[in-house]
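Consider the two complexes below, in which chain A is the common component and chain B and chain C are the respective partners.
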Partner chain A sequence: MNPHASVLKRVSAVRGVRGAMLVSAPDGLVVAEALMDDVDGRAIAALAAALAARLRRAAGSAGLGSPCVIHLRGEAGALLAVPAGEELLLVAVGDRETNLGLARLELLEAARSIR
Partner chain B sequence: MRVLESWVSDPLSRFLTESAARVVLLMTSSGQVVAQHGFTRSVDVMSAAALGAGIMASTGEIARIMGSPRFGALVHQGSDQGMLLAGFDTPRGRWIGLVVYGPETSLGLVQLFFQQFTDEIAAAAPPEESRGPVLAENFEHELNASLRALFGR
Partner chain C sequence: MNDDVRTLTRQLADDPASLAFLDLAELLRRRGQLDAALTVAANGLGRYGDLADAHALHARILAERGDGDAAFDGWMSALQLDASHQGAHRGLGFLYYRSGDLPRALRHLEFAAQAAPGDGGLRAAIERVRAAAAAPAPAPESSRAALLPTSRATPFSLDEESGNPAEAEVFAGLDGARDGLLLLDQHGLRLGGGIRDEDGADVSDTVAAHLAGISREAARAARLLGLGEWQSVGVECDDGNAHLVAPTAETILLTVRDVSVPAGRLGLIADRAAQAARRWLEGLA
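Entry: the complex of A and B
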């Protein structure tokens, strides 16, 4: 069993969350995932890693340091990502009904357990 | 960007913009170049095409020996640049894409947009025109026309 499965399962259990995944930050590839069938994990992983890389550079230039939480809100849902160790991102994707506050707390807690 | 067949231009242009890839080489499974972006010397294109087609043929043979389906893609990750070498089916036969990318993008993004690119190529490809036998007197003319199209000279 994947050692991260229980962590991903806990994040996925939040209302409205359609999946959680661990992503390799440098190359945007999926490391582990717990996703609903209709969620394209490859696309989410590539998007999350690209966002994180760009935001890290921009936030650093602005003197804010590295982002602790990334939150992208779209018309049909939201993406949350937090760094989990040197080269990993913990990512959750949810629909419009997602309890984003709870999802963020679970992600941060899960990321701490992975580091 | 240089292409031998104009219908490849739009999908390839979109792929280059979206993926931020540095170098792209499209070739047939026999190593005949279809399009290229990022190369400046014809000798480099011909060498890369021959090597790329050779690698795909070799890994295909290894897969056959192992009794598994052929490998879809091969990735080399360097400290500064990475390379994706992937085969895909088109109505014109099996083609190979060689993509070199840098730290301004990621393998995940390149793979994602490459998949979209191959879907667009498969949809846009016109039916192959029937061609006559390859004659010695036509070969050099066609080769020079291809080189002019790919390198503008």
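Entry: the complex of A and C
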């Protein structure tokens, strides 16, 4: 069993979360995932990594330091991404009913456990 | 920590009875560190309760934190101590305007203008309030109108005189109007506002360049993930928080605050800023 599976499962257990995954930040590839069937893990990984890289550069330029949490909000749901060390990105996708506060906390906790 | 903040903090620590709290609280306010600014101002006010400037600054910070009622009381206290206090009249004018009481807003702004006759921003605000007062009264609010952004665009900033009324209007009434708000187009070119780093250097153009095309990227990500139309991107960082929204399809507004402003509140501030930016952009068209 993938050592990250239990961590991802816990994030995925939050109400409204459709899936969670661990992404290689530099290349946007999936490291581990716990996703619902209708979620395209490869697309999430690539998009989340690209978005995170761009925001990291912008935040650094603005003197904000390193991003701890990224939150893309759409009208039908949200994507949350939390860096886990330099190389990894923990990502969760949820619908509009997602308890974002809890999902955020679980992601931060999961990132701590992975580092 | 900025050198000026450090110097003033040290000065205040060395001499707690010093009036340096006014400069320190104002500096923190301008940097968007509203919680810290409020603490400094409140401590100073405890010592200098008979100082109109202390009441006015305290009220200004409260207003920027969204506590209009407490700000009103603060500015009234300032006027009891100094009936011609320019900042207090300006602040009350701002509050009355926002509440829709245009005659009172105008009266206070005119008092403020008497105290600061060279303030072009204030004169422009007075003209706008006069124009709004002369306009036909709005029809009773319909259910559709209730869904639209408020038509009562804030016509002036609480900030001191601005050299660029058009730009001031974009960010009117918003916390830290000149620092911490950056409006850019989809090509990464700055349209208004500015961002400063922790050393006070203007990094607006660099940040704007990094954000070029992010609207398209966010839209593509949201669509492919089944999230519908993207609405915002929030970024919590070690030393501050940022929030991105798209006032229009062609523009992005970045709002930045220090970590004392929670991400949720920053989202609300950004939404207000986006409304103001939309109105400004419509005025340019």
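Here is the rule we use: the second predicted complex is superposed on the first by the 115 of 115 C-alpha atoms of A that agree within 3 Å, B and C clash if a C-alpha of one lies under 4 Å from a C-alpha of the other, contacts with A are read in each partner's own complex, and residues count from 1 in each chain.
Definition applied: contacts are C-beta pairs under 8 Å (C-beta built on N, C-alpha and C of every residue); 3 or more make two chains touch, one makes a residue touch a chain.
This is a predicted model, so every value here is computed, not measured.
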Fit or clash between chain C and chain B when superposed on chain A: fit
Which superposed partner A:114 touches (first chain B, second chain C, both, neither): neither
Vertex chain A angle, Cα centres of chain C and chain B, expressed to the nearest 10 degrees: 110
Touched partner set for A:71, first chain B, second chain C, both or neither: second
Touching partner for A:43 - first (chain B), second (chain C), both, neither: both
Partner chain in contact with A:63 - chain B first, chain C second, else both or neither: second
Which superposed partner A:32 touches (first chain B, second chain C, both, neither): neither
Chain B versus chain C as contact partner of A:53, first or second or both or neither: first
Lowest C-alpha to C-alpha distance for chain C against chain B (Å): 9
Those residues of chain A which chain B touches in one complex and chain C touches in the other: 43, 50
Residue ranges of chain B touching chain A (in the complex, touch as defined): 77, 82, 105-109, 111-112
Chain C - residues contacting chain A, complex: 195-199, 203, 206-207, 210-211, 214, 217-218, 220-222, 224-242, 254, 256, 263
In the complex, chain A residues that touch chain B: 23-24, 26-29, 42-43, 45-46, 49-50, 53
Chain C-touching residues of chain A, taken from the complex the two chains share: 38-40, 43-44, 47-48, 50-51, 54-55, 57-59, 61-79, 93
